[in-house]
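Down below are the structures I want you to see.
The two complexes that follow have chain A in common; it is paired with chain B in the first and with chain C in the second.
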Partner chain A sequence: MQDLGIRVLFMGNNFIRLLGGLWITVKISLISVGLSIVFGLLLGMIMTLKNPIVKCLTKIYLEFIRIMPQLVLLFLVYFGATKSFGLQLSGEVSAVIVFTMWGTAEMGDLVRGALISIPKHQYESGAALGLESRQIYRYIIVPQTLRRLLPLAINLATRMVKTTSLIVLIGVVEVLKVAQQIIEANRYTVPDSALWIYGCVFFLYFIVCWPVSRLAVRMEKKWEN
Partner chain B sequence: MGVFYGRIEKLDTGFMAEYFPLYVEAAKLTFRLGMTGILFSLVIGVVCSLAGYYHVPVLRQIAVVYVELSRNTPLLVQLFFLYFGLPKIGVMLSSEGCAVIGLSFLGGSYMAEALRSGLEAVEKGQMESALAIGLNRFQVMRYVIFPQALATSVPPLCANVIFLIKETSVFSVVALADLMYVAKDLIGLYYQTDEALLMLVISYLVLLLPISVAAGLIERRLRYAGFGD
Partner chain C sequence: MEGQEKLLEIHHLHKDYGNGAVLKDVSLDIHKGEVLVLIGPSGCGKSTFLRCMNGLEQIQSGEIRLDGEVITDPKTKWSEVRQKIGMVFQSYELFPHMTVINNILLGPLKVQKKEKKEAEKEAEQLLERVGLLDKKDAYPRQLSGGQKQRVAIVRALIMKPEILLFDEVTAALDPEMVREVLDVMLELAKEGSTMVIVTHEMQFARAVADRIVFLDGGEVVEMAAPEQFFTQPETERAKRFLDTLSFE
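Moving on to the complex of A and B:
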């Protein structure tokens, strides 16, 4: 009986369908990562400002987003926005909104950390060498900030891909939902397919996330001072 | 802002009071399972990080593979595999069993990484000096390496505790009546979305804010324990 289960994976276009589901997950996380980088850079720069009101507001935003489980945020947008404001958001759009809000908060904090970790004398030495302000940023500050930021940002991206698996719970048809459909469709002919199909989904996530997190580790090692 | 004030006035407080006990029960369940999972995660983390630190032959390779597998897959998928996949080869687990095993499987690798970074941060000379003054291997770990490693490891360990409690929010997929389950149930049954979601947010704040504040305090205290800076 054991060899029956894995057969389902290669029946018809089941495997292609699973990959299609995975693509939905990856697509939503890529869009959110892209938007988070843009907004996160802005938020990070805003967070280095000394204005107390700005500081307080960004701090509340950051703490709230960080302390709430992402699933709660998804519920707030997907169910809450529909009821409160009459916005009919699809699961995908809610997911992009939530993951962008979350990613922006995390990314903003990383950018802030990287920016304030550059010692003041770096700016001053640059100026003493006779560089213009634009040149100081171009040749001294930005390269150093990027080195600290990139590995952390890549890690954040893999976390976002993993967290995107939650969207199945607000009704988006992604890889887990497709897996469920395949298992249900073969319930009578191949009753033990669940083991193989969910095992396959497990490794699909691994194959997507693992190379990316290895990349982050390698960058971190390479740029260690 | 007017929209928000309008909605706050319209909240059905009677409904909230009636279903408040459900949230308390669910929060207790979340807390209990979360803490059990965190405890097992710590045990797994200690074993894996020590296996790496002492270069224990087979165990070290197993630990590396486990950490990579666990860190690069989402808890939701791990739970689906445990709860729906494993019974097909005769391994039947209860809902709570699945939840705790899943959370420990996920958390173990995060704890291992946090402890590993702490152990690696302790200078080699510390170990050699301790051996030179005649401490045995256990004493070296107990009195010299571990206290210093802990000071480095505590911030990521605290972050992991919060992260793992947040991760418990997917437990409803293995048929546990946790906070998400209660909220979704109330929304589905009575369409009291605002009230259900507000109580959901408050429940998680009550669970996680004290832990977050405590983590901040512990971190600040331990910063003085650092050596050399």
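Moving on to the complex of A and C:
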């Protein structure tokens, strides 16, 4: 009876349902990562400003987001917003808000780090050639910043994809939740289905994250200097 | 040098970073085809002086003229002036994400809007001259310090500047690589390039200079022909400085 477990995967539309769950995961991740990149770039540039008030505020934001477990943030937004402000946020919207807040903070810090890691003499030798400020950024600073940033940003993106599994707990039916439902439904007929279903979930996460982290490794190799 | 055309005129230059004067009332003319070597103890303001000349530092008072035109003016178009005043720095400041040829072509293509084919040909000729044509497609990290500095010189040369500023370009090099870079500069001097060179290589200074300027404490303390300066310095400060460099 060893092969029974895997059969659950192909019973009815189970596999399609898992893929549907995966789509929710990927969708929330994609939107959050996309927004985080945009806002993170802005935040990172703001964080390089010398203004002490700006510095202090961004620092507080960053620390707050980092100290709070993502789950607490999720509860805070999902239940807190509903209770306190009467906003009826869906689980998915709450998830996007929380992951974007988190991603923006982390991304901002990465952008800041990449920007300040470009030595001052890179700006100066560009200027000494007669390049305008705009051209110095375009041809010298931005390309070097992106090279440093990309592998780190991709790493952050895969972390975000993985962390989306938490949104089960605010009622979003994503891939992990679908898996649980399938296992529950077959608990008595196929008691050993859990291994197979979770194995399949593992595999699905893998095929989402693996190409992305391969890409990061390749970029790093190509751009090392 | 008398009677020759003045290329760069510096009048009563004052520079202050906000914690005391770094350059105090420096006045100096540089003539076309002249090689001026600037020496002086560390921290006396040599780099600052060069950086003021191409607008990397703001000056507090005084005036600099290039070809008779004032360039220390808020309205100065530095990107135009800097094409005429080339500079090579002490640290290897090639752009690490670009190949040697692209480092060299950035200025001609993006600043001077030259045609790519033509600029590339010029770049190759210059690389050939400094013996680095085979490194054309290498990245800076694949070059030695001496090779990087020669590329940096080519990158400045290709803009056809009227004057070249060198700020201790051999100071960060391993001793065995100093010569190859100095040779390129000697070659340029022979061809009649106008240059201001900051260096600690005294033998080289003596060989290349038309005039030595000794800077100390932000002031021009002595200005003389190299033979004169190295054999019979007039001021006590210059004597003391030269003494610190010899082992006798």
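The working rule: the second predicted complex is superposed on the first by the 225 of 225 C-alpha atoms of A that agree within 3 Å, B and C clash if a C-alpha of one lies under 4 Å from a C-alpha of the other, contacts with A are read in each partner's own complex, and residues count from 1 in each chain.
The rule is short, and it goes like this: a residue touches a chain if its C-beta (ideal position, glycine included) is under 8 Å from a C-beta of that chain, and two chains touch if they have at least 3 such contacts.
Every value quoted in this text rests on a predicted model; they were computed, and no experiment measured them.
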Would you sort A:W223 into first (chain B), second (chain C), both or neither based on which partner it touches?
second
Using the touch definition from the top, say if A:R147 reaches chain B (first), chain C (second), both or neither.
second
Touching partner for A:Y78 - first (chain B), second (chain C), both, neither
neither
Between chain B and chain C, whom does A:F99 touch in the aligned arrangement: first, second, both, or neither?
neither
In the superposed arrangement, does A:S125 touch chain B (first), chain C (second), both or neither?
second
Between chain B (first) and chain C (second), which does A:K162 come into contact with in this model arrangement: first, second, both, or neither?
first
Per-residue contact with chain A, leading partner among chain C and chain B
B
In the complex of these two chains, what residues of chain B are touching chain A?
3, 7, 68-69, 71-74, 76-78, 80-81, 84-89, 162, 166-170, 172-173, 180, 183-184, 187, 191, 193-194, 197, 200-201, 204-205, 208-209, 212
Looking at the complex, which residues from chain A come into contact with chain C?
121-122, 124-132, 135, 139-140, 143-144, 147, 223, 225
Can you name the residues of chain C that touch chain A in the complex?
54, 56, 78-80, 82-83, 86-87, 89, 91, 93-97, 106-107, 110-112, 139-141, 152, 155-156, 159
If you look only at chain A, which of its residues touch chain B in the complex?
2, 5, 63, 67-72, 75-76, 79-80, 82-85, 158, 162-163, 165-166, 168-169, 176, 179, 183, 191-199, 201-202, 205-206, 209-210, 213
